[in-house]
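You will see two complexes here that share chain A, one where it goes with chain B and one where it goes with chain C.
For the complex of A and B:
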């Protein structure tokens, strides 16, 4: 079979079972293991510390002895990538002032392509990754929001063992963003430039030093491991960090009326012309959904030769005609316009209705990666700039 | 190694993910992309944010370029035909057989009975070696590749007019051109990252766009004017535009005087092409032609963008020369964001031409007829008496093979059984050969005719360089090992040369090959791997300290003065008649690439367009009483296929279009092998076909 099934990824467990029988079976075998990925400030005793910038490299190098440490590393041509540290020398390329990663770190838990199981002579062997301990160091607030959103998708209503194994040993260290890209609008979506909960540690840049906010027991334990590298924070420093956050928020210059956009979407109050214009201009590269920190759609396909092979899943998305085409050939979203609408409805309506959180974290990547400058911020500007029909 | 971040997992996960910067395998845009590899498998492809072409974006093919690499049906072992069947063998045996048989044929029937098809999908270094193998080892100039079938007319036409057959400008210069004349290029489908720049220019800063194309392509939506010429009447409308420009005094007199020659002759020839006369030939309303001429001539930074719709005609060279005339007439070449831009199709078709995988030239378009050039190559290659007579082209090679004159053929990474015109005749030619070697990553339709099949490494499995359409020489990098026993093409070619007793092809790495290319090739003189970081250099780059050249013909043309070469309109070779009443043109779709070897093995892409179709105008469909999705028989004088109908106004009434990606309904069974007399490019864009219903009253006929 060259082509996998055309899937529409929903939210419910029955759908998930249908999609990934092996996943669910494997989960059932092992039993559901409790895993709290979110801890809030209320849960723990907030304890601010100080990390001197000159100690960062030592902290990271030592952390890397027992874990994989993913970091923003600047590569050839100035592209910053979120990659695991291999040797301390690479710390020379550490860039914590990057404006944005091209790809959000969702691919650490949900790679673009992954094998689910192998088969041979009727026997099936799941290819579940071995769990790993790792630190995501230098995340932006918006990207952590994205990760938490994807966590929910893969773990809340059903548990995807592949995702769980790739993510459960995770420690998140946010470095609050003071260098937003021109396409960022996180202050409009309340997802940055600093995050209020859901992190293990969050760093605030105070010049020569970082104020370290502890967001979870996990974070507290990590600091405990390297106690000698952390100092206590003074009141002045805590006060200063508040100012830094205010300044950082001001640096995000792109603003959109996000609440109004959600209202208009949930009330189905979107002029069709907006979707028509997007559909016409779109060149169907799929970039917006591939780079979206909260897009989780995937397709399944088999690669097989002489009765032996493997089943894979890979990133997929709603802008493609084949994505919603049914086996009969009928397609409920055949025309480009309704597919364009689907993407915005998903982010600003369905996600919101389903979870109370919008699927847009304000990172602006859909604009950055769009060859024809579409982007959700432009959509919202256009929508909220137009009169409501009511 | 620069450009490579290696990440070997040290912990229990045994994860070993690496991400390398490389260049996309699909079109000539040459986007910078990263490949993620995990345990010998490519698991993702992402754009580079700072690469001058991709800038954080890719098209759908680039985003999905990770999938085909690891398919289980990749070739992993050499195959040798025994008792009519291809059977696995070892490398020693296969390479011995290849070299022995090719030497035997060369000895018995002369070097000209051997031919070599190089590949626009492989690296510069590999094309260079294939060219060197043909010339230095087998003394044959019969080396060519698919550029013959796409831009041969450009290489000939622009070289004659300007002195260089390449795109004059850079891709980022599209961002501040203020007029685009796009003809015969479905840019958003075939060069998405260039097409998108045109869309942005039109929508966001009101640049002018004139589209001259018989089909209603995507860009028509954005065009100020759509000139919908009859297929194959390009010389006429281009001459018509020049007629208007001269009549209205919009030509650049000073530029013409200072920088060009041959204007008087041009004026003479285009005098007859009045808008009224042109309307009769082309079907373009006179007023639209006049308006287009004015917009183009009066724009400050005007670009001509063209592709196969111009080149794939029996008048391909005339078409190209006419566009060059138009640009020179208005002074629209030799400046930033202003010029003539043939968009090269394959990722490395520019490079394969630059490397001399062509029958008339060595690297850098240095003529095989030039004694001094030959002596230079003889000295470096350590051989004597390199052949001075130009060799055969792709189209001629298959003609001669059918006649029995060409007996041995070595093909790398091409699939002529599907991609060449009148493919039934190509298949006959392949069968006639005494010995056929096919080197590829999958068992292609062509490989099924081979005596020996050699398994090659793909773009993610080797180092090298590609040259994109804007002449940017840039690195590709090895992310994973090739599957099984597959080897990089450069290693295989070197192995063949070695077994033929030639000692001049021992290299430790592609970088060493590039050093040799630089030594022999003035336009590549400054190309060294250390200088290609991070995003390459644009030729001409003659010396180690030269920064590369973003646009050509600044101040003076490469040949000195620009040469006007007027052409008169000549009709296509085969036009519709009573029996074959439809005009067929062929091409590609956005989701697929050529013969589908890669894209039909990519789930997202193949799902989008899983099968072939023929585009038919609604009025024709109504007249013939066929419905969308119905299977019909499309025949030309050369063969027939069965194919589903797609009803669309994208084609004109009386015209049909078939994408050539699908082996199940191969468009090239129908196409006409008639060629341009100088460039020898076939007329893929025009032939006559008939369409027959297969179901009448519920019966299959």
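For the complex of A and C:
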């Protein structure tokens, strides 16, 4: 097994996936993903590092010299937003123990409004952003899962050049979540509170210090750049990080039967009354879609004044009546019920059928933002608590 | 990497009136190389723009065996399509594409071909009809059943005149409301069934308003067609045409990239709404 490949570690069942920093000798190879004997686990974790909390500001300020650094910054009202660092002073507002960003960081690759091209006197001038090195520092596992899902979506079929350029040169630093919000259910969706792969670096809070897990070469290179700020991790610290993860998972108290919900949806075993009841309560504001880390629907429109203008795209949503209305007036999803159902079927059925991964990352934002208390978690509770055959 | 959202300038070479608020535009890309390299198949569509007004999906009505131009037949239904209808030859328009999948062609050779259209729905089928007629000897019967709400809503009157004269091509027309001295049949397109006898099975291509398509599919199945031999081209609100904006979704599919052509076996008619 080569250095840099992903291995699953476990006995009869895989318990974790690691990026292999060393050549592993003792491997019972079973196909592509080998099973690593227990004795090698410590070797694998060898390149875990330690970052002292008091060094964080220095690390961020210095990395901001050559890159854009996005961070969870707390505003005067206590809201935490993921914003680019403008000046070092803003680091005073850094909050890595936030429960949840109101808007997920999908807007960094897919802004709420962006221009695709400008035009003047019939000449078109594309406004494709230039890729730039940037760090997303302090992501939650669920939000990175959302980003990875959106990455795949924009990449497949016709790759979206705007998204590509906005996300190229990205380094992701997860700070595993130890302070979930009451609406989070990431342990049910297997998307948190810590992430197993797909990250560049992941930080585990050990009190005065963070254990830093390296998830990619990109992450390794970043550490190399600021070598003097990182220490080697001891066996005790690695052990401690495992305990922190277990405690963090226990802190997520909302549990739903996600697997069963997916089964029920993929087998079309959902009583219509559930959708009808949601459709009656929903006021079709679209809040749940805007705050969803994996919703990517958009509208295109032109704006022009005196022969000069631009074509824009902006976020759109499937709950709106006009979303599917055709010019003839015919609307295939005119009734509220099919619009309500679309959202659940998309996330819990079609995404799963098409990609093998559900579009729901268990962040609970839909419930948090909904003025009438509708959310994926309570939809699942209702669905799996009911027997459709009744 | 190609920027799929950028449309290319093209010139309207000629405009032909088809009926009220409906015109056929012959369009040539400004860039000669672009025109030459523009390959498409019947069933596909392009995204047509006027800068500052907007963009819409329009089927390519011409057949790929005619090179050097494409033809689009556009009915004024809203903001953009009405603005396009006001254009004249020499005016500029913007095009990107082609997008979408295609009608099966090679695999259906030797079989009877039924084209069943409603109103502007003949536009996408016309591309296929032209191509089939260019290779007439490779197919069985070629039948067109075509209806519209009013007689003036029937498009491609000139082509229809020519088709009627062709040996081995059968054209049957019908209008819902018999206006302006209409002497043809009155009713909906499924009422043309007896006239199209003998139904020996074959392949059917359908495009029209949603209720019409539903009725026709049901009728074809009752007539003994396999679902696999019935092809529909579906309409949906579209924005991007490339499987990104979400607007044209049906279930886990996007009409713009997985369609617009679906077989009746693949398109779950009951679930069209979702």
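Throughout what follows, the second predicted complex is superposed on the first by the 342 of 390 C-alpha atoms of A that agree within 3 Å, B and C clash if a C-alpha of one lies under 4 Å from a C-alpha of the other, contacts with A are read in each partner's own complex, and residues count from 1 in each chain.
Just so it is clear, a contact is a pair of C-beta atoms (placed from the backbone, for glycine too) under 8 Å apart; a residue touches a chain by one contact, two chains touch by 3 or more.
All of these numbers come straight from a predicted model, not from anything done at the bench.
Superposition model on chain A: chain B and chain C are shown accommodated side by side without a clash. Contacts of A:130 after superposition on the shared chain: chain B is touched, whereas chain C is not.
In the superposition on chain A, A:309 makes contact with both chain B and chain C.
In the overlay built on the shared chain, the residue A:255 is in contact with neither chain B nor chain C.
In the superposition on chain A, contact of A:301 is made with both chain B and chain C.
In the superposition on chain A, A:221 makes contact with neither chain B nor chain C.
By the document's definition of touching, of the two partners only chain C reaches A:326; chain B does not. In the superposition on chain A, A:73 makes contact with chain B only, while chain C stays out of contact range.
Minimum Cα separation between chain B and chain C in the superposed model: 10 Å. Comparing the two complexes, residues 299, 301, 303-304, 309, 316, 325 of chain A contact chain B in one case and chain C in the other.
On the chain C side of its complex with chain A, the touching residues are 1-7, 9, 51-56, 77-78, 81, 92, 94, 209-210, 235-237, 239-240, 242-247, 249-252, 257, 272-274. Across the complex, chain A meets chain C through its residues 116-117, 119, 122, 124, 126, 128, 153-154, 156-162, 164, 296-304, 307, 309, 311, 313, 316, 318, 323-328, 330, 332-333, 335, 338, 341-342, 345-346, 349-351, 353-354.
Chain A meets chain B in the complex at residues 2-4, 6, 66-68, 73, 75-81, 83-84, 86, 90, 102-103, 107, 111-115, 129-133, 280-281, 283-287, 290, 299, 301, 303-305, 308-309, 314, 316, 320-322, 325, 368-373. Listing the residues of chain B that touch chain A in their complex gives 2-3, 5-15, 17, 19, 21, 32, 34, 36, 38, 41-51, 56-60, 62-63, 66-67, 70-73, 188, 192-193, 195-197, 199-200, 203-204, 218, 221, 533-535, 590, 600-601, 603-604, 606-608, 610.
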